[in-house]
Every structure is written in structure tokens, then in C-alpha cells.
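The letters A, B, C and D name the chains in turn, as written, and every chain counts its residues from 1.
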């Protein structure tokens, strides 16, 4: 894909930081490129389930956010997005010091944009795939959101 | 379904309260019955996205937790669960004072248990459907989790 | 929901019968009402997998078709539909003489319509739930499809 | 992944050919390797919807079959598979002379195996992505299926 204009990166970064849940989960932005966003969060008990793993809801949060942001990088003037749905398949326990989610646009459509995501848990410096996500967003007129 | 033994209700309630994320999200348990669990959370900026709605990740968290807990009510002695996957379809903006998730077991299998969930946002006292979820859990031997 | 105008029922029925795969699978229309469509097919080896059950693809076909048709009953003048995605969870082997799929609209939106479906296999006269589906369709301008 | 033993390839090929629906849809096997299966089918009106595209159910059939076969390549002695669920996101109209589905195992687990798939429509010799799939299979003891 083409390079992402700096303005788009700034807007997407600002949108993410404007989410109360973003700070509450300790979420960080690692990368915002054309069609691709990487988010991360450190392990703390506040984002864990009862066995000391990252909670499935924490994994889902990263996927929801990273896929929407990745879709956001493909918007044109006057367009906005609504997340229609997302799916998470867990493939390994999310046990580690850090959780990464790499989202990549599969198809930026005029009606629907589809994004896939892979979540990795970082343990002793090594990344291990722990979940895979698939999400779709409805592309709508920007004013629709404002109305 | 048959009535849920008090011990099972106690164990499931304890498991949920043992999650760091449960308290962090301000999650509450409204109902734990055989094949059916209802969870809720109040609106706060900490669980919101940038437009003042409940974050999609908050909706996903409730669905993940409520469906797993509902599946947990159907376990037999010596069985445990691993969430295999879940899916969320958003059907309306989650704008309101409170978010409810009602999860109900569709099929408690010997290998896979399937649970569906409906999320409602409560605004001015009225419930409005905002998301629908579908989740599946692998039924495993309890010792597998401990090992 | 309100009653379905006879014209809408006629159009949807015609659309289904215009599909080559509809006849090829031996599909039948049992019900087309406002927000609700039921389709069925008889068991034959042509729609089976290797163990004598209905093939998962046959189940998916019924879900895809029944959910799209159910969404179609909610369209207004000048609107058309594109299936964005569907998901199937199998809950029991589809072993029987007949397969039914009951699809029901969860939310008819202006951008996305969400439909759920339940598939039942009929054996010795009794219906048994064998799969559950969840689908979403993008609501588009009718001319978009024609162009 | 390691090379696939010839016996495994033979068994998987035989299983696919034993499906009535496989022949009925005109399905072909292009590749069976360790963790990877490619299936295809030619366009005919029998597998089409009403606008001359491959039917969504045809796409779902290929995904269901290719993902299950790919998971099958990772089985060990005494194991068998049950498809738990699959999801399809459509990203472009499936308009062309041929439909391909490439399935690849994301994670071969001891309990659940997760497989992703990409479907391409071939038109004028060029492949175009038309759908993306994500599926999971429960890994069970082989005798479970026989019982």
C-alpha cells in the first residue's frame, strides 16, 4: 500500500488516545502504517484472568482496537467506520509479560473493510502466537457518525 | 435445565471474582443459573471509546466472560473449559448508563460447548439490544488445566 | 414485525429459484415471512460427507441462503443486500432424512442487517438442533448491484 | 512443517472423494501438503447464485472442506477431527471461471486446531481474493467417531 500521510497517523493516534478504555488497559501504539496497525499492552493483574494469563477480553480489546485502527488508515475524505463484527480464535494460553496485536487490512472495500489480526504474547523475549482475529467494518459517510 | 447446585454457583462466582480484569472493568454478576449467566457493568469513561459509548472491547469482555461462565455451569466432575473462540456482531451503538450481557448455553457437548449471548445497553430504564455473541469452549479434563 | 407484502414474498422466492445451486442442492422454501425464512433439503448422497451425514457445506449453504433471504424481507424500496459474512457452529452430527434452517433477523439496520439461524436435522420425525449460524449483510443502494 | 507422508495424503484424498457433495460440486484437489490444502472448482450454473457469481454456499463449501482437510494433515495416530465452526468473510464478488481455496493450519493443537483459508476467483487467468475463512476443529480420539 501507499505511504500513510502524517495527518492520518495523527488523527488515528488521537482517536485511540481519546478512548477511556485505551488508557485503562494500558494500551500502547507501536505502529500505524497504511493498512497496518500494531498495538501492545503489558501484563498486569488488572488485565488478567484467574490463572495469571491475559484475559480473553484483553485479547479481544486489542483485536477490536487494532483492526478498527488499521481499517481507519484506509479511509478516504468524508468516510467513517463502524465496527460490524469481530471474531477471535484462541490458539495458546496468553501467558507472558506483554501482548502484541498486529492487524492488517485484507480488503478495503467501498462498503465493508475486512481486517485480520494476530496476537502474540511475549515471554522471555520470544513472541508466541496466542490468538487470531478477523473483523469487518462498515464504511459509512462521515456525517452519519456525527448525526 | 436442572437447577444449579449452590456449590457450582459459588465456584463460578469465585472464579469470576478472581479475575483482575473483572474488578478493573467494574463487572457485576446478576445471575448464575444452569446454562445461563448474566453479567453487567456501569458506564464510566474507563470502559468507553472516544464517542462516549461503551467500547467494543468492553462488550467483547462481557460476552467472553458471560459465555464462559454459562458454559461452566454445565460442567461435570473432572471437566474444565478453555474458550476456543467467540464472535461479536454489533447491532446498535452501546450508548447508555449500563451494559448487560445475557449468555445462554445452546449445546453442552462432551467435546465443545456452544453458548450464545445478547448484550443490552440500558438507557433511561429501557434495554436496547446492542450486540449478539456466539462462543465455543473446548471441554477438557480438569487436570489438563492444572498440569 | 409487520406482515410481509405478497410482492416481496414473490420476489424473494423468485431470487432463490434463480440460483443454480438452489436446485442443485434440492433446496425447498418452507416459509418467507417478515424477518423470517425457513429453508429445507432432503438427505441424498449428493449433499453428504463421507460418513453419511449432511456435509458441513450443505449446512453452510442453507444458512447462507436462509439468512440472506430473511434479511431480504426487511429491505425497503431502492435497497439491496450483499452478504458480508457468516459463521456456523456445529453442535451435533447432521444425521437424518431432512435438514431445516430457520433464519430470523436480529436487527435490520440501515447499514448492516444481522440474522441468526438454527439448523435442525429431522430424524424419525423429530427435529434435533445440529448447527447455529450468525450472518451479516451490508445494506446497499439497489443500483450498486446493477452497476 | 515436515513433509507429509504419502499414506496421509492418500487417506485425506480418499476421504474427500468419499463425500457425495465433493463430486456433486465438481470439487478438485490441487494440493495436500503438511498443514496446507488447496481445493478448486470450475464455474457452472449448478454452483452459482442468481447473478452469475459463485454462490456464497459454494465458497463456504470449499472453505469447510479445505480447512478440515488441512487440519487432517496434522493428525497423529489415533486422532480424528470434528469441525467445530467456520466463518467466511466475503471481500469481492466471486465472478470468474474458477474458484480456488487455499487453507493453511495456523495452530495444530492437542484439543483444537485452527485453520485459515483464502478463496480466489480466477478470471482471465488472474486470481482475485474473494473470501477469507477461519475455522476450528476439535481433535478427538479416533474411536469416538467410530462409536
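The rule is simple: a residue touches a chain if its C-beta (ideal position, glycine included) is under 8 Å from a C-beta of that chain, and two chains touch if they have at least 3 such contacts.
Bear in mind the structure is a predicted one, so any value in this text is a computation, not a measurement.
Peer 1: Based on which chains touch which, give the shortest step count from subunit B to subunit C.
Peer 2: Tracing touching chains, the least step count from subunit B to subunit C comes to 1.
Peer 1: Could you see whether A-D or C-D has the larger number of C-beta contact pairs?
Peer 2: Higher contact count goes to C-D.
Peer 1: Please work out the Cα centroid separation of subunit C and subunit D, and write it as a whole number of Å.
Peer 2: That gives a centre separation of 22 Å.
Peer 1: So, what's the distance in Å between the C-alpha centres of subunit D and subunit B?
Peer 2: The separation of the two C-alpha centroids amounts to 32 Å.
Peer 1: Measure off the straight-line distance from the CA centroid of subunit A to the CA centroid of subunit D, and report it in whole Å.
Peer 2: 28
Peer 1: Counting only residues that touch at least two other chains, what does the list for subunit C look like?
Peer 2: Residues 82, 84-85, 87, 89, 112, 136 of subunit C each touch two or more of the other chains.
Peer 1: Could you please specify the touching residues of subunit A with respect to subunit B in the complex?
Peer 2: Residue positions touching the partner: 15-16, 18-21, 23-25, 44-51, 55-58, 60-62, 64-65, 68, 82-90, 145.
Peer 1: What does subunit A use to touch subunit C in their complex?
Peer 2: 82, 84-85, 87, 111-112, 136, 138, 140, 144
Peer 1: Quick one: in the complex, what on subunit A touches subunit D?
Peer 2: Residues 87, 89, 91-92, 106-107, 109, 112, 114, 116, 129, 132, 134, 136.
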